[in-house]
Amino acid sequence: MMEWIVSLLLIAGSLFMLIAAIGVVKLPDVYMRMHAITKAASLGAILMLLAVVLWHPQWIVVIESLMVVIFVIFTAPIGTHMIGRVAHRMDVPKAEGYLMDELQDEPDRQEAEGEKSL
Amino acid sequence: MEGFPILNLAVNLSFASLTISLFAGLYRLLTGPTLPDRMVVMDLIASLVIGLILTYIMLTGQTVFLNVAVVIALLVFMGNIAFAKYLKRRIE
Amino acid sequence: MNIGILLLALLFLSVLAPFTRRYLGNAAGWIFAIIPFAGFVWFLGMLPEINRGEVFTHRYSWLPAYGIDFSFYIDGLSVLFSLLVLGIGAFILIYAGYYMKTYPMKGRFMGYLVLFMASMVGVVVSGNLITIFVFWELTSISSYLLIGYNHEKPEARGAALQALLITGFGGLALLGGFVLLGIPFGDYELTTLFSNPEVIKSSNLYLPALLLILAGAFTKSAQFPFHFWLPGAMAAPSPVSAYLHSATMVKAGIFLLARLNPVLGGTELWHYLLSIFGVTTMFVGAWLSITQTDLKRILAYSTVSALGTLVLLIGTGTEYAINAAIIFLLVHALYKGTLFMMAGNIEKNTGTRDINKLGGLFKYMPFAAIVMILALVSMAGIPPMLGFIGKELIYEAKSNAPSAHWFILIAGFMTNAIMVFLSMRLTLDIFWGKEPAYDKKPKEPSLALILGPFFLVVISLFLGLFPKTMANPLTSQAIMAISPGMAAIKLKLWHGFNLVLGLSALTIALGVVAYKYRDPIISMATRINLKYFREEFSRVFFRMIDYFLIYTKEQTKAIQHGYHRFYLMTVFVVASILVWIQIWNGDPVILELNFRDMPLNLVAVVALIIAATISAVVAHSRVVALIAMSVIGFGITIIFIAYSGVDLAITMVLVEILMVILAMAVLFYLPKYVKYSGTGARMRDALIASLVGGFMMVLVLQAGSSAVQEPVSEFFKQSSYTEAFGRNIVNVILVDFRAFDTLGEITVLAIAALGIFSMIKLTKKIKI
Amino acid sequence: MESVILQIAARHMRPLLVILSLVVLYRGHNEPGGGFIGGLMLGAAYILYAMAFGVEKTQKSIRISPVALTGIGLLLALVSGLPALMEGHLFMTGEWTTFFSGSSFELKLGTPLLFDLGVYFTVAGMLTLVMFSIMEE
Amino acid sequence: MMRFLNFFLRLGRFLLFIVFYLKEILVSSLFVAWDIITPKNYMKPGIVEVPIDLKSETAIIALANLISMTPGSLTLDMTPDKKKMYIHVMYLHDKEEFIRKTKRQIEQRIQKIFE
Amino acid sequence: MIPVLPIILPLLFMVVLIFTRRWLAFQQYFSLLATVVLTLVSVILLLDVQQNGIATLQMGSWPAPYGISLVVDMLSAIMLVTVSFIAIVIMIYSPGFIDKGRQSAGYYPISFGLLMGVNGAFITGDIFNLYVWYEVMLTSSFVLIALGGSAEQLRGSIKYVTINFVASIFFVAGIGILYGLTGTLNMADLAFKIRAAGHIPHMNGALMLFFIAFSVKAGLFPFFFWLPASYHTPPIPITALFAGTLTKVGIYTMFRFYSLFIVENALFWKSFILIIAGLTMTIGVLMAASQFDIRKILSFHIISQVGYMVMGLGLFTVGGISGAIYFMVHNMLSKTNTFLAGGLVYQRSGSYDLKKLGGLYKASPLLALLFFVPAMSLAGIPPLPGFFGKFFLIKGGFEAGDYLITAVAILVGLFTLFSMVKIWNEAYWKKEPEEIKKGKLSRRAIAATGLLAIAVVLLGLFAGPVSELTVEAARQVVLPELYINAVLGL
Amino acid sequence: MLFLFAILIGVLYGAAVYLLLRRNIFKLVLGLIFLGHATNLLLFVAGGLTRGFPSFLRDIPGEVEKMADPLPQALILTAIVISLGVTAFALVLVYRFYSVTKTVDLDELSENE
């Protein structure tokens, strides 16, 4: 029984990742591609980790799996945020059909010159 | 994993979809068109590597590989930050 | 007294010399002369024992690991040469002390002179080939320093360089020859060599050894075609010319030939080589002296001629010839030393050495004139000077030579006639004849300046007058040393009427006639020289150096061209060739393609890495290249995981991420990517790249497919937990089994970090 | 002005990374990890912080300079070889002591762990030194 | 004692929130996946400014992350004063509705947990 | 215990210097003291080896071939002593020459890093460990050569770093392949396995990779480009330190590897190495002749003289190797000395360009002497050590029957003489140009150069005792069984 | 799999060499990084490939025999860290080079030689 659940989870997780990859290829602009990746990373990983935990029910596996999930959820959005932010500043062309872009109108978007934090 | 054909199948399917995904990522890397487009590929590949690691764990039963996944999950975003900072500097 | 002490005293004196000037002033020469004079007396005191056939040897352990001792071997030949070197040397020092009065850096000059003296004595008393060589080279160096005394003049520097290079070349050849000589003997001791002198002649090393040693001797003794450095060396002050370049150093080559005559001589090859070089040098030297007008150059060419004569005589090798050689050596040293010192005196008094600008000096310096004329008489071979005996013996030797080539006899005859001609010319043109307007009135040279010439001439005169009692004891043992079993001929001034006397008379007659027709002869000689010796040898030499420099410059430009890429390219191309040759010659590679062993996912990962690699290589954007790099990094991580490298995979990921951050941080500052290379270059580079990649591939195949029975890592697996208390074997290796590697590795990190830190911090401060 | 989100994230992640790096360091002898990996993570923690807040602020917040950290690491690695000498063994021989022997908290400590700590500091020091130098430019 | 209780209250909310959140992720992920693999695109993208009322930094970053992790929305930027967030929305049918939903479903829950 | 000291003491010193980097005066004196200590340790090691034969130490008590072996044989000991003595001289010299900025920017600690790497390379008996020490040495040299970062330095450094990096990669690739083939890293164990097996398949490729790697490090033809491209760029004490140590480590390693690992195809390797040696010594000296910058002349000469050392290796007789080792010691001292003297010239006249120099003979007899001694030593004038080196090699060459290479070696000596005299004629004898700078010489720099010149002279005067050591070293190289047995305890 | 890995390593080395021969200094650094990767992989592959048995001792009978060789892994770890240090240095060197000479063209290195 368990092997069926595990297999299902594994396949589902990897399929999510595949869909994310297809999304990266297919979706029309960088923001939407980022959508695909962020979600795939977490969801796919969560499903597959579930499979691992179920198949290897040990504390250390559970803890490490949880760590993977938490870290993915915590860090992936920050990465995408950074890229999205800079992409927007670069005026990366957006796909057609945007209803609005309120960030464009944000007065503070152009930051002070000469500021060096890196 | 021995003695569980369905699991074997699942592992192989997982490998298949993940490797196809890898090439999808490569495609985006090569075609771009913009730099942020290429940058997101790194994230995708990192996720796929986590997937591959988990699949390898299922294949071999070696849960120590989880450690690798933890590190990737924890730190890959720093690459994004670095790229972002680089691009930011370029537009300034 | 011991020879070692004498040498050390001289060396000490030479080191001290530069500091003495302040305290001793012009008197330094007199004081300096004490030690050589004491040495001279000491050697004189040895004569009785030497003449009883004794040989003094001393051996000091020197290079025991190589079986080489520092040893002395004092026999008649050594004593004769030492007496010359120290005796003339003492006079030269006195002379130089005054002569150099007005020159700067006199102290150093005196030091070099004494250094030379020590080296020259060293050469002649050495009992070991290597010892000889050490002193031999020192004579070259001191000669170099002395010739270049007027170093601010380019000619002096050039002459010094020329002399050093030629004698240096000879020195190197000589070293090679000595080493070859030592192989069959198994030793470099002269005693070993003399005890079984036939060893080398039967060895097939004889020819190369002989040629190399002759190269050494001929260059040092200015044999044609190496003769030209000697006239060039006249750039040195006169004491140097008198001492090194006539009386002593140039005789070192002669000494060597004499010294090794028992070992190397007596063969046809020896005989012919020495005779041919000797006779050529003898005649060419004399001939070239005809057209010279510089007093010192005239003397220099006549020295070349004399050196040729000596080589010829040693090569002839008969009893007469050896006798003649030794006597002539003595004769020549005495008169040539005098002549050069006098040339210096004349130059000092009149400001010129050009004989065309000299004349009528007799009335200003009659005493000096007589001294010089006596020396010239000796040079011309006229009785009662020792020169006459010398010349007689030479004629005797030549006419008695086993292969009495008329050619040699005629050449000798011509040469001697030229000597007579020169003697007359120098006597009459300098001391009488048309008197130019001298800037200041010439006067007799002071005591120190005339003392040397005077004594040398007197000695020559006495030796000529009482040859049996004075000359024979000096030379007989030297002759026996050159050729064991030969006897010294009883010397006498008067032989009665014979062919030789006839020849002498004819020579003088011819010389006188030639002097009478000197103008047409000189102009004819000039014309001939212009036609056949169009270029002076030394000019050819310098042109050769110029060509050499041009060549090396071109070569450097071709090899060290400065283009970094091509350096790397050379490295890669050569490496490829070498490694491919090794693979080609090595064991065949058996390739087993096992497709079951190829999981598709890994095949895909490999394909991904290759694709990413290609895209990184062809990328036009650095960001793309860097992202491709991290894709490759991730791909390698997967491979590490697939093949059980957990720590590796983690480290790989971490390093990859940090590398990207670092590269990005640096890339901030670089300009946008520019494409530089053309298609042709790219094709070429791709070819080179595939050569390197190819051999690496083969090597990996070879290594990976060979199964090792018992790698050392088995030990680590067995004892990691039991002895090192760790379950992560990789980590245990890193921190325990091979912690020393890790220690080095973190040191690398620390150093790199410090380097980066200081590179950035420091360049901020320093203006570039 | 740097992204607020990044700054908040960096503030949260730094202690997390530091603790994790220590865990990785400690576990290293038996589980994946060790001085390198731990050191790299520790370095990453401060680099992240520096990317969010700038080098100056980061350096102020650490107190110890990266150069000193590198030096301390090297010194620790070196010193870890010395206890062996006191025991009369060869340099860098691992010396171990066991605490709470026999109990379930049995703790084995040895010089190789000290050595690993040295590696940890050196690697972290090196990383921060390099990155800070470059980022400060 | 109160603090102890408070903690458990928060923990309970947190766990509830996670359950809710996982359901949300799953549903909308499937929707996005469907949109990706089917040829027809339903997206109506837009970048929306959302005012935020959270004070604690932890809460803010949790919000930003959760928005990003929620299919269909992605935090792009935030003003330095932490008052406004700019969110990229994939299926933006009604801006006000989106803002309301975000604030109610995520921000308020977070507020309860973290503040 | 002692064999490890030459490696860990420099590390300790380096750490101390890192912590005290703000106190320049302390750094200067401490460094000097530290190099003296190192020299003492090396001398003790040398005496120990002389008395008791090859000294070995197993790091961490792990038995060979599992742990890392440290091995000091006579060759290593000689190299250790020479290098640490040179380090003393450099440490006396540096404060008088290098600007304060560079000095306080890590010059001292990193110099000790360099020494650590160099000593490690001389001592270790493990090929991977050797790689690590190589990297320590190289990284330090990378830093030192770029320290200060003038445009010229950076240009040189990039070539230096890249080509040496490539060589390191070849080296480590060779190690990987060798491990794959034999399963061991211990050099003695490897040598033992090679001899026991008679033939280990596929080893040729790895050996060639090693050869290429060491050729690059040693500056052999045609891999030497990095050397003349970079050695003239940093301040002269750094160049002098490099000249005295770095390429010699490559040579040392080549000796070690050749002795231990070349069993098959010995004839091929011999002739190959002799050809390379001949080309190296000739091309190096010819290029030196064309130069007008003192540092460049000396740099090209390094190449030429490395050719001599490799020639001794190619002969592979006790005589040849001993000659090469003696030559190496001589060259390390004399070459460093000429560089330091060149530095004095620069300090006095503000240039290294022969065309702009002149009059130094008159201006400063001391300066003249300090250059003349090592220059004549390099030119092979007796009784300076260069003569003995050349003599031993020529003797070795003729006795081994390798006449051609020996003839080349003899001829190259002439060109060496030429370029030394060229410097002398131009910088010292030529009339002093009017616009020349008249700088003040540093006393410390003079003292250091003088000390080294005295050492050069002494090396020549005591060629006897020294050559006994080199013969013993050569015997150990020619009979690798001694090394193998000492390490494996057979 | 050995064959494929050998090809991969060959390609990586080839790419590294090709990059090192470019004129742009950035590609040079890229080439250095590639060299490092290629060599790490070479060490890994030449030391023997073992699937699924990381070298951790877990007291499972029979595991030790199948376990991957830990030594090459340790060597690679060392090599990785060393090349991290050296590459970092090279990167900064390149940066300095550019900021001093204002060019990324390696052919301009030839000046003054």
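Labels A, B, C, D, E, F and G are assigned to the chains in the order they are written; within every chain, residues are numbered from 1.
Operating definition for what follows: a residue touches a chain if its C-beta (ideal position, glycine included) is under 8 Å from a C-beta of that chain, and two chains touch if they have at least 3 such contacts.
Quick caveat, the model's predicted, so the values are computed rather than measured.
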>> Using the contact definition given at the top, which chains are in touch with both subunit A and subunit D?
In response: B, E
>> Going by C-alpha centres, which chain would you call the most central?
In response: F
>> What's the farthest chain from subunit B if centres are computed as the mean of the Cα atoms?
In response: C
>> Using only Cα atoms to place each chain's centre, name the chain farthest from subunit D.
In response: C
> Cα centroid separation between subunit D and subunit E, in whole Å?
Replying inline: 36
>> Measuring centre to centre with CA averages, how many angstrom lie between subunit C and subunit F?
In response: 26
>> As a quick test, compute the distance in whole Å between the mean CA positions of subunit B and subunit D.
In response: 28
>> Give the residues of subunit A touching no fewer than two other chains, as numbers and ranges.
In response: 22, 34, 38, 74-76, 78, 80-82, 84-85, 111, 118
> In subunit C, which residues are in touch with two or more of the other chains?
Replying inline: 560, 562, 564, 568, 572, 599, 642, 644, 646-647, 650-651, 654-655, 657-658, 661-662, 665-669, 696, 698-700, 703-704, 708, 711-713, 716, 727-728, 734, 736, 738-743, 745-757, 759-761, 763, 768
>> Using the touch definition from the top, which residues of subunit D touch two or more other chains?
In response: 1, 3, 5-6, 9, 30-33, 36-37, 41, 44, 47, 51, 67, 70-71, 74, 78, 81, 92, 94, 123, 126, 130, 133-135
> Using the touch rule from the top of the page, what pairs of chains touch, sorted by label?
Replying inline: A-B, A-D, A-E, B-C, B-D, B-G, C-D, C-F, C-G, D-E, D-F, D-G, F-G
> Which residues of subunit C touch subunit G in their complex?
Replying inline: 560-565, 568-569, 572, 591, 593, 597-599, 602-603, 606, 609-610, 613-614, 616-617, 622, 625, 629, 632-633, 636, 639-640, 642-648, 651-652, 655, 658-659, 662-663, 666-667, 669-671, 673-677, 685-686, 688-690, 692-694, 696-701, 703-705, 708, 711-713, 716-718, 720-721, 727-730, 733-734, 738, 741-742, 745-746, 748-749, 751-753, 755-756, 759-760, 763, 768
> Once bound in the complex, which stretches of subunit B touch subunit D?
Replying inline: 64, 67-68, 71, 74-75, 78, 81-82, 85
> Which residues, counting only subunit D, touch subunit E once they are in their complex?
Replying inline: 1, 3-5, 8-9, 11-12
>> For the complex, give me every residue of subunit D touching subunit B.
In response: 6, 17, 20, 31-33, 37, 41, 44, 47-48, 51
> Touching subunit E in the complex: which residues of subunit A?
Replying inline: 16, 19, 22-23, 26-29, 31-32, 34-36, 38-39, 42-43, 73-74, 76-78, 80-81, 84-85, 88, 94-95, 97-104, 106, 108-109
